[in-house]
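Before anything else, here is the set of structures, which you'll find just below.
Next come two complexes built around subunit A: one with subunit B, the other with subunit C.
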Partner chain A sequence: MKLTTRATLDKLFTGVTGLSIVLLSLVLIAVLGPMVYRGSSAVLFNGTVEFRKMQRELFNRGDEKELEGEIAQTETFRQGVYAKIDAFKRGIDIDAMSDRVRQINREYGKELRYKNTPTEEYTELRSRSRDIRDILEETFESQDIALIEDNVMEVLQAAQDPNFLGTCAEEYFTIARNFLAAAKQVDLSRYHEYVAALEEVELLLFGSNEHNGLLGPRPEEPTRAMARVRYGATRSDQMRELLDRFLVAEQWVPAEGTDSLVKVRTPRVEQFEGTSLASLFPYVEENIEKLLNPRFTFYWQFFVDDNVNSHYFGGVGPEILGTVFITVLGMVFVVPLGVIAAAYLVECSSDGWIIRLIRMCINTLAGVPSIVFGLFGLAFFVLFLFPLLGFEQKPCILAASLTLALLTLPVMIRASEEAIRTVPQSYKEGSLALGASRFRTFMTVILPAALPGILTGVILSLSRVAGETAPILFTGAVSLGPVPKSMFDPTRTLSYGSYDMAVGDRLAMMVPHNQYGMVVTLIMLILILNAMAIVLRSRVFKKLKGH
Partner chain B sequence: MREKEEPMPVSTTASEISKSDVKTTVVLGSQPARPAKAPASESLEAVIRSKDFSLYYGAKAGVQDITMDIYPRSVTAIIGPSGCGKSTFLRSINRMNDLIPHVRTEGVLAVDGHDIYDKRTNLVSLRQQVGMVFQKPNPFPKSIFDNIAYGPRLQGVRRRGELQHVVEQSLKAAAIWDEVKDDLKKSALALSGGQQQRLCIARALATRPRVLLMDEPCSALDPIATGRIEDLIGQLQSSYTIVIVTHNMQQAARVSERAAFFCLGELVEYDLTTKIFSNPSKKQTEDYVTGRFG
Partner chain C sequence: MDNKDLTLTLGPAAEFNRPLVLTPGQDLFGFILNHVGRALLFLITCSSVLAVLLILFFVIVRSVPFLTDYSIADFLAGKAWHPTSDTPAFGGLTIIVGSLYVSLAALVFAVPLGIMAAVFLSDIVSWKIRNVVKPIVEILAAIPSVAYGFFAVLVLAPWMQKHFGFSTGTNALNAALILAVMALPTIISVAEDAISALGRELREASYGLGATRMETILKVVLPAAHSGIIAAVVLGMMRAIGETMVVWMASGNATQIPHPWWDLSQSIRTMTATIAGEMGEAPEGSSHRSALFAVGVLLLIMTFVLNIVSEYFLSRAKKNLGRS
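The block that comes next holds the complex of A and B.
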């Protein structure tokens, strides 16, 4: 072969190798990039005043004075919303008005009795009150504007009656006036529609005991039971989404001529065309920033906070703790066990059929699905071994760590075996020639020299242990629960938490940032643990090489 | 197969290779040539006694029926072509062959009058009595200090001061103290090949052995480092019994008092080095030392 051809081939080979590395990195970035991007939104986002309110109340964090000022500021803009809705509600909510009218009638009766009104007068006034009530109720049901006008006028004739002045019956007239004013503005045939639409608007703005609203509950409302519905939109992305749902109604309607449904988006403002409430929508849209005051937030406490209401708020602190705990404990079991097994395979055994059998078993073990290990851990550690040793028969960190140690034992054994085997024979000879026993030789010369290779095994095992879900499914992981106090308690972990949020949690779809945040935290944690092991390995390696 | 080494000058008769000659011509920067030692050790009791000693790897014989006495405070060289069992015999003296599976011995190999292949032999104390230096320098991946202190620590020496003393003595005895005294904490692997080999000698000396086995200690070293090691061997022979396996016949002639010629697992001839090189009694030996065979 000519020298130039050879050089070209060499270069080509280098190029191809380099290219493949670049490609691999690109693929890695392509996979990790979007994930990290989405996961980072759990920590870096625009938090609204509702977020700060939540942090203050649930985590006792942030400056109270400053927050109060901020809330007051947003409240001034929110008053506009409240006023518009209340004004509209007064003329539109037939059921509420009917209820109120009936209530006034009863209260008026009580008031008369309380004043010791003579019986005849009492009977007469009660009957007049009943009449007014009946007229009003009829009026509310009516869709004829002329009739409404007549009825209201009739009711208002009694407005100057001293018997009613200064009593609770005065409210009859206020309601009547408001209703007339409202009725004049709207299409009466759509009354019931307005009522339903208004209910939806209120739900979207203020939330309910099940749903979050854009602005959160009104200040006068009693505190809701679930923490997650006590606040409005806490993040600007959530704010945009809820705002969109508030401004535009989405409906699935049958497409013409087919059975299929199509999504139709209609601006909600159209539902209130011509009413006083129509001005609410542009008001909210224009003032959304002032209503919620979003600003950039670095929520680093995501990594230490406990979660609230199944990861609706809060962070993954206990999950990180649990993962680290299980991983480290698993390593504590697997490293000595793996090294001892490897030492036996390399140092203490001849190549008999027993060794071949053991090797075969190890290789088979490496191929067993992880869920099988989970079931084994449940059956052996939790249900059999723990009661035998007098521990409580329940899934716990110890059982999970042991199961994970078992799972990754083959990896550890193989890596350690390779590492021990590659220690130069001359080290061993040198030590033995000085009179050291085989055990001493192994401990003082071979093991330190094999340490970098053993640490490679640790790195491989570490990632596996930290990321596995199936083996801890039955042996020690829970999706929610208290922070473990000892290794005999079950714990939350990042891997199981991610799995649980993905499959078992209806709420998770509302907080994808937390879901991604948890997965990315797991990746980061494994990276950090690996980086630590790699640094340690390179240090040991350098020390061995004497640089 | 011919060994790759400097061929013996054919014109030179073996008798002309006096030690002082070699010193002045080959060893560079060495100390003044030491006076040729009178071969007076015959009267002494032999330290290592081998009687009809054979070693088998399974069915194959490594060495067969070796009978030779090795005398104290002298250098005994074992020469011979590759695969003749030189190293096997050397390694038998501190039972390093035990590491190899299916090894079996016959006959007697005694150190200080004790048969080392006896069941009651304490391997640890045997190996501390009989130190070994290997072909390739094999310092442990530890600091220089820890390398030397390895043997004493095995013997149970724990006190820092005592260890320091032993380390210094050993390094001085191995003529490397001046080079490493300032960085005893440095890794031994950072030293050069020649330094590493002298370190290994120092390490072997630190257990205070009576016998020092050297398995081609200079074959991985350049001529200057080789010269240093040879000087060192010259200095050590006044206090240790040294058995050295070498391929390099000039080296054997330079450093040893007696020489044993092995061929095909058998001891062909064992006599004073001067005699082996000048007037061997066997034709085979003569062929080998003059370069006609091997």
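The block that comes next holds the complex of A and C.
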């Protein structure tokens, strides 16, 4: 082969291997980037007045006076929305109007009886009232504007009648006038379309018992049972999404000639073309900021708060607590065990077959799949050991901690062993030469020198344990439940919570910020622990280099 | 004789007058303490042995009811896994094949990349750059599996469905890619250790003969380090086969053997995912539950075998090093 080809190939090879590292970095960015980006919006976002209302009512947080002022301010703009919808409804909500008319008829009858009207007059007035009712009902059902006009005129002739003036029957005429005014604007042949479209608009704006609306329930509406539907859009991203759905209707219609459905987007304002409601859409679009008042919010309480309605609102406080509790308890078991085992392996053992067996077992233990640890934790701790000791036979924090302690034992032993081995031999010899016993040498000379290294191991084990999910599936983790009172209760953890929010919990799909927030909290916790370990290790390295 | 008296009367201050090694006759208490202490330490050290034995015992004991009631041949070769039907069938072939399939697919992605990265870190870049690059690998190793699973389900799956036109985003390819990323740190660090342990002499001899760096690495370094690299691959395989959360979340959990075999876009199901997914529904004392423990035993056996293989190659790598 020519020298130049060889040189080129060599360069190419270098480039290809370098590419592998570039690829690794890209993978890291691709994995962490989207998750961290979306997860950070759980803490940093533009919160609307609805968010502050929610915080005030559910978490008793924020200044009440200030909030009241803010609500009053937004409410002035919301009145415009309410007025527009009510005005439109007056002309369009035929069922309600018919009901009302029938009610007026009954009430008028009662009123007459109450006034002791003579029988003949009573009968006459009742029949006139009934006539008006019937005419109005006919009018409401009609789609012919000429007929409506005639009918309304006919009804209004009775408006000045002293028998009706000052009674509840007066309302007949208000309804009739309103309906006429509305009917002139509305294409009554499309009445059913309007009713359906209006229902959708109201649902999008005010929500229902199942769905969230853009503005939240109207002030006069009774409090809804589920906390998650009590508020409008709490965040500006939610606000934008709901506003988009409010302004533009999306429909899946069959494409021509094929079976597949295509999405058709039509501005909702077109559905109400020419009606009084058409002005609602530009009004909401222009005033959306004033209606909801979004402003930048740093919601650090995300790491403290309990969740509300399975993670719809609130944060991951109990999950963090549970994770810390399980991992720290696990460390309490594993650190002494690991350090002692490492000390024995380094200081006391000769390289016999027993030590080889022990080492093999450590390696085997490190290779056991985490789910098998979970099986073992269930079979041994939960089903065997706890009943034997008289504890309740159920998954709990203690069982999870013990299982995780076992899982991380090999990591701990190896890290401590390495830390003890890196202590220079001269330390030990110096101490022994001064006449200290081996035990005292270990405790006062070797252990302090190895401590930073051991601590690194502890932190790395912590980070491993904090992220493990499979071993605690059956031994102590629950997706939702009360905050544990003792170590004999099961707990929520970040790791199991991340799993549950990604796969198990359908409601979580509606709040991606909380979904991602959970997993990013876990990742951040672990990366911080790792960073601590790396810093500690480099300091140990420097210190040992000095000798 | 004088020395002994002094020790007895003067206490700790006289420690320096003692001979360094005392016979049991001279210092019985110290002798006993020394041996009892050593025994105690030894017992604590044996906790890992105890743990392995306990794990073996309890997982096997729980699976015994299943292994006696059903035939092991059916368990290993049967394709029907219907644990909850009226006539339950526990044919584990599909999930065993699923586990192996997805792990091997992961290795196909991870091994070339891992070895290249190991070569890059050990032979090509300077120590300084290596210290910058190494944390990338460490962070990849530190990210918990449930976070990878989360990524697979919510980011990668929709993306693949959209861009590759798969019927479902949670499939063997998704799980294999994520498993590859998770196995990479193991493969890289073990392979890098093996490659850099070879020492300068081998490389310098090769350079001295006029070989380029590529020729040196491909024809001298990698062949010489092959034992360590095989161990790295086996350890990566172990990591992939024992992984639970990612395959549970990303593989689609359909009990089927992919057909045709190279079609990675189909959903599969692994042993670990089966245990994780069905344990919650299997009532205590049912044959379903003990069948899941039997799957656990199978997993244990697999990892034991892989562990022994990796130990063999690691010790061979060490021996080779000693010889050269």
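Quick note on the criterion: the second predicted complex is superposed on the first by the 416 of 547 C-alpha atoms of A that agree within 3 Å, B and C clash if a C-alpha of one lies under 4 Å from a C-alpha of the other, contacts with A are read in each partner's own complex, and residues count from 1 in each chain.
Rule of thumb we're sticking to: contacts are C-beta pairs under 8 Å (C-beta built on N, C-alpha and C of every residue); 3 or more make two chains touch, one makes a residue touch a chain.
Computed from a predicted structure; not experimentally measured.
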item: Contacts of A:429 with subunit B and subunit C, given as first, second, both or neither; value: first
item: Touched partner set for A:59, first subunit B, second subunit C, both or neither; value: neither
item: Partner chain in contact with A:303 - subunit B first, subunit C second, else both or neither; value: neither
item: Subunit B versus subunit C as contact partner of A:440, first or second or both or neither; value: first
item: Partner chain in contact with A:413 - subunit B first, subunit C second, else both or neither; value: second
item: Between subunit B and subunit C, more extensive residue contact with subunit A; value: C
item: Touched partner set for A:448, first subunit B, second subunit C, both or neither; value: first
item: Partner chain in contact with A:391 - subunit B first, subunit C second, else both or neither; value: neither
item: Subunit B versus subunit C as contact partner of A:350, first or second or both or neither; value: first
item: First (subunit B), second (subunit C), both or neither touched by A:522; value: second
item: Residues on subunit A lying within both footprints (that of subunit B and that of subunit C); value: 435
item: Subunit B partner contacts - residues on subunit A that touch it in the complex; value: 350, 424, 426-437, 440, 444-445, 448-449, 543-547
item: Interface residues, subunit B side, partner subunit A - complex; value: 94, 96, 99, 101, 123-128, 131-132, 134, 136, 138-142, 150-151, 154-155, 186-190, 200, 203-204, 207
item: Sites on subunit C touched by subunit A in the complex; value: 15-16, 37-38, 41-42, 44-49, 51-52, 54-55, 58-59, 61-62, 113, 116-117, 119-121, 124, 133, 135-140, 142-151, 153-155, 181, 184, 212-215, 217-218, 238, 241-245, 249, 272, 275-276, 279-280, 284, 292-293, 296, 299-300, 303-304, 306-307, 311
item: Interfacial residue positions of subunit A with respect to subunit C in the complex; value: 6-7, 9-10, 12-14, 16-21, 23-25, 27-28, 31-32, 34-35, 337, 340-341, 343-345, 348-349, 357-358, 360-365, 367-376, 378-380, 383-384, 406, 409-410, 413, 435, 439, 463, 466-470, 473-474, 495-496, 498-499, 502-503, 515-516, 519, 522-523, 526-527, 530, 534
